[in-house]
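A, B, C and D label the chains in the order they appear, each numbered from 1.
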C-alpha cells in the first residue's frame, strides 16, 4: 500500500528539505529570530502567566489504546528519610515512568516517518531502539520561546467545543485569526483551540480520545504559507480522527513533521488561555514551551506558559 | 540528635509560615507579581534565548551515591511503526524512567522536612509513598516566570569555578550583585553560578558531585531580606558539601524549603548564560522555568530558559 | 477505628510469633523439611509439568483500581542491534516496569501490617520507602519447593467457578480435600481453586476483580491446624471481597501474613492444573514456586510449576 | 563485514532448523520428555533445595557498560498504607524497573540474530520495538523443569575460579563430567561452573564483567552431540570475552540461540550448588528454572532451584 497521490501533491508544496541546509535538524524553529522574540516580549502587558499543561497523573489522558504510551507512573523513593541519622534534616525523593508522548507534549520531528524518510530526507532507520533518534531528537530543538497566537476556532464559532470528528479547515483558521484580531506572522507558534479537552477535564477520557476534531489535511499549507514555527492544540490525535480520506492515516503528522520539519504539540489545555485572551481582548503573547531535552527522544513532556 | 541552636536561630529569622495564609502551598513564589512579570519582559532586548538544562541522558550527573535517584533511562516503544498497515505513515514513541531530582530540576517545598514539619507548619507525614505530597507538590507551584538575575560568584572573582568545598557567603552574593550591576528585587529568581558544573561537562561526574562548593548556611538570610522568589545553582548538592557545621547536614535545604517556603533548583547549566550576560553586559533577564506538573511530586525536571 | 474483637480472637489462635525464634523472617516456610521435599519428589509419576503463571502483559489483570499496581510495561532497549559493527551477531534486549504484585505473585510477609506490627512482632516502620522491608523481604523467603495439593473447591461442587462474593469456608476446604483423596500435611503448599480466573481468561478483567469469591476469615484456623507452609489461589483479592464482616477489610491478609507468617499467592492460573489433576486422578504434586529475590521487596512475580 | 567461514562450518553442524517442525518456537527444550522429568525426580534424595539466583538489587552485576541493561530499580508504591481508613489493615506494595537480562536470567532464542535470521530460519525483523518477539518470546518457553547436571569445570581442576579470559573447551566439559561421575543425557540442563561470579560476590563487579572466562566457540558441538536442553553458567558474558577469534563477537550466542535453538542462562550463582554437590557426592538433580512469562520478551529474570 502506498500513500495516495493527493498526499504527495500537498507534500511537494510544503516540503522544506534543504531549506536550512543539509545539516539542519530543527526545521521551522529556524523561523524564530531575535526580532520575533523581542516582539513576543512586547506582547507582555498585563503580566499574566497562564500555564498550558495538564497535571501529570496516573489517570492521565491515555486510555491504553495506543500501545506503549503509558500515563505517568509516579513513585516515592524516599519519604522524609533522615539520610544522615535520626533527628537530621529529612528528604523526600520521587521517580517516574512515563510515555514521553503521554500527556501535554511536543512531538519531535522524528516522531513520524513515511516512505522510509524522516525530516530533511534522512533515512528513517537512523531512529533505533538502541539509541533513539540520531538526528532531530527533541534535545536538538532550539529554545522554544516565541510569539504565540491563540486561534480559538471553537470560540470564533461561539461554541464551547467543536463536535467530535470535525475537521478544522484553513478557512476556520482564517476565521479564528479575524476573531483574534491578530495576523499570524513568520516565527509564530500557533495554538489551535477546539475545546475537545473539556471532555477530559470533565472526566471522560474515552470521549476525549475518540472521535476527535482536529486539523484537516488541508491546514499544513496554511501553516506553511504563514511560516509558522510550531503548532499545538488541545486534542489527543492532533489531526481529525478518524481521518478525512479513507486509508490515509495521520497525513498531517507526516506533512508537518517529515515534510515541513514543524514540531507539533498535543494535549495542551487551552481553556484558561481562551478565557484570559477573551478577557484581555488580546490573542498574542509571549510563549515559552521548552521540551525536556531527552537525548535522542522522539518527543517530550512540556509545561508551556503563555505570558500576556 | 536534635538540630543545633544555631540552626533554630536562623530558622526563626527567615520563617515565613503563615505569611501568605494557613492555606498557602507555594511560599515565596507569591512574591512574583504582575508588575514583576512586566519588568521581566522589559529585560528582553537582544531577543537572545539561553537554555539552562543539561541533556537528559543515561550517563547524567547521578553517580549512584544518592539511593534511588536514577539517571534517565530512555527506551523506544515504537520505532517507525506502521501502525495502520504496510506503507502507511510510521510512528516512533518513547518512554522514560527517571528520578525526578536526577538532572536539572526544581525541589518542591516538600523535598525536605525537619522536626516532623514541612513548609507552613504542616505535618511531614502528609507526604506518603502512596500519594506523594498532599500539600505543596510540585504541581502546585505557580507558573514560574519572573525576572531572573545571574549572580556570577565565580566570575566576579575572576575564576572559572570556585574550589570544591567553598562556601558561598552573603558577602559573595553582594559582590556578584555589584559585578552584575543590578539590584536583586522582590520576586526575582536568583541564579548563583559557582562554575562547578564545568567538571561534569568535562566528563568527571564524581568530581562534580563531591566535594562541592555551594551556598553557606548564612545565605538564606540574604535571600530572605531581598525577598527572592526562588534560587537555583550549578551544583548537585546546592549547598556547600560536606557541610560547614559538623553534623548539621543540609541546613540550607531545611531553611529554604521548610522555613521560607522557597523553591530551589540544582544542576542548572549556567555556563552559556554566564557568557551571554558578560557579552551583553546585562545580568537581568526574563526567566521561564516551568516544572513539569507531576501530581504530588516533591520535585521535577525543568528546562529553564533565560531571555535577554 | 480499631480492628474488632472477633479479629483479635482468631489472631490469638493462629499467632506464630516467636515459634521459630525471635530472629525468624520466614514463618511457616520453616515447616518445609527435607522429608517434605523427598515426599514431594515421590509425587512425580507422569512427568507432567504444569505452569501456573499468567502471561505478563500490558493488558494484565490490573484494572487501575489499586493505586500504583501497574501491569507490566515492556519495552525493547535493543532490537537486532549489531553492537560490534555491521554484519556481526546482533542482540535484542528488553526492560520492564511493573508492580511486583501486579500479576501471578507471592505476597511477602511484609505486604501487610496491622496495629503497627508485622510478622514476629516487629514494628511496621521497619518497612520504608527508602529501603523497603528490612525484615521478611521476599528475598528472604526460603527456596519455595514443596509438596503441593490442589483443593479444587469449585470442582468438588461440580462448578466451573464459584459465584462472585462466595466465601470459601473451612468446610469447603475439607470437602475439596475429600474430593482430592489426599490429606493435607505439615509443610504442604495448598492451592485453592475458585475458578474465578476464568473471567479474566475470557477477557473480562473487571468482573474478575470484583466481586470476587475468596477465602473466608475462618479459613486461617484451618490452614494453621494443618500446618500449611503457604497458600495460593486464582483470584485478585485472595480473600472474599467485599468482606464478610462490615468494616473489617483484608482480615485474611492480616492473619496469614502478620499473625501466622504464612506467604500468600494471588492470580495463579489453576485451570490447566485442575484439568491435569482430574485426568491423573491425583491432586498432590511437587511444586516449585520461587519468588524473584528482589531485595527488601514486599512481593514478587512468580512462575510456579506443578510437576505430577 | 560477514561472519567468518569457521563460524558457518560449525553452524552447519549444530543447526536444528526444521528439526521440530517449521512452527517450532522452543528448540532444544523439546528434548525434555516425561521420562526426563521422572528421572529428574529420582535425583531427589536428600531433600536439599539450593537456590541459584543472585539477589535483585540496585547494585547488581550491571556496570553500565551494556547500554540499556539497568540493574533493578525498586521503589515502594505503598508503605503500610491503611487503604480503608485509619486503624484498618495496612498494605505495602512495590514496583520495579529493570533490564530483563540484568541479573540471573534466561536468554530467549530471540535474544540473538545473525545474517537477518533468528531460530528456525525466521526473519529477524519479526522482533520489533513495538511488540517484541512475535516468535520464540520467553513466554513461549515450555516449563523449564528437567534433570540438571553441574559441570564444575573450575572444581574439576582444583581451582576456586578459572582465570579471566579462559576459554572452556569441550575437553574441559568432559573432564568435569568425569569429575562429576555422571553422564550428560538428552534433555539435561547443564550448568557450567567457572567460579567467575566469586568476583562479584566479593564486591568487584567490574572484574566480574571483564575479562571473563566462558564457553569456547567449540563447545556448542559438544552440547549438540549430547542433546542438551539448555545451558547456564556463572558469568556475565556466557562465552569467553574478549572472544577467541578476532572480530568474531558472540559466536556462541549465535550458535546456541539462532542455530541450535538452545536457551542460555547467565549470572547464575553456582557457588552454593558446587558446595552441596561436593558434599553429597552427586552432581545430578532436579532443576526448576521457570522464566517469568513476559509476552514477547527476549529474556527474563529467573530464580532457579536445584533439588538434590
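The rule is simple: contacts are C-beta pairs under 8 Å (C-beta built on N, C-alpha and C of every residue); 3 or more make two chains touch, one makes a residue touch a chain.
It should be emphasised that the depicted structure is a prediction, and the values quoted were computed from it without experimental measurement.
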So chain A and chain D: same face meeting same face, with over half the numbers shared, or different? same
For chain A versus chain C, what separation do you get between their C-alpha means, in angstrom? 45
Counting only Cα atoms for the centres, state how far chain A is from chain B in Å. 26
For chain D, write out the residues touching at least two other chains, lowest number first. 67-68, 70, 73, 75-79, 95, 97, 128-130
Have a look at which chains touch which and call the overall pattern line, ring, star, complete or other. complete
For the complex, which residues does chain C have touching chain B? 67-68, 73, 75-77, 79, 95, 97, 129-131
Under the touch definition given earlier, write down the residues of chain C that touch chain D in their complex. 1-3, 33-38, 40-42, 44-51, 53-57, 66-70, 72, 74-80, 83-101, 110-114, 124-125, 127-129, 132-133, 139, 142-143, 145, 247, 249-251, 253-254, 286, 288, 290-299, 301, 303-305, 307
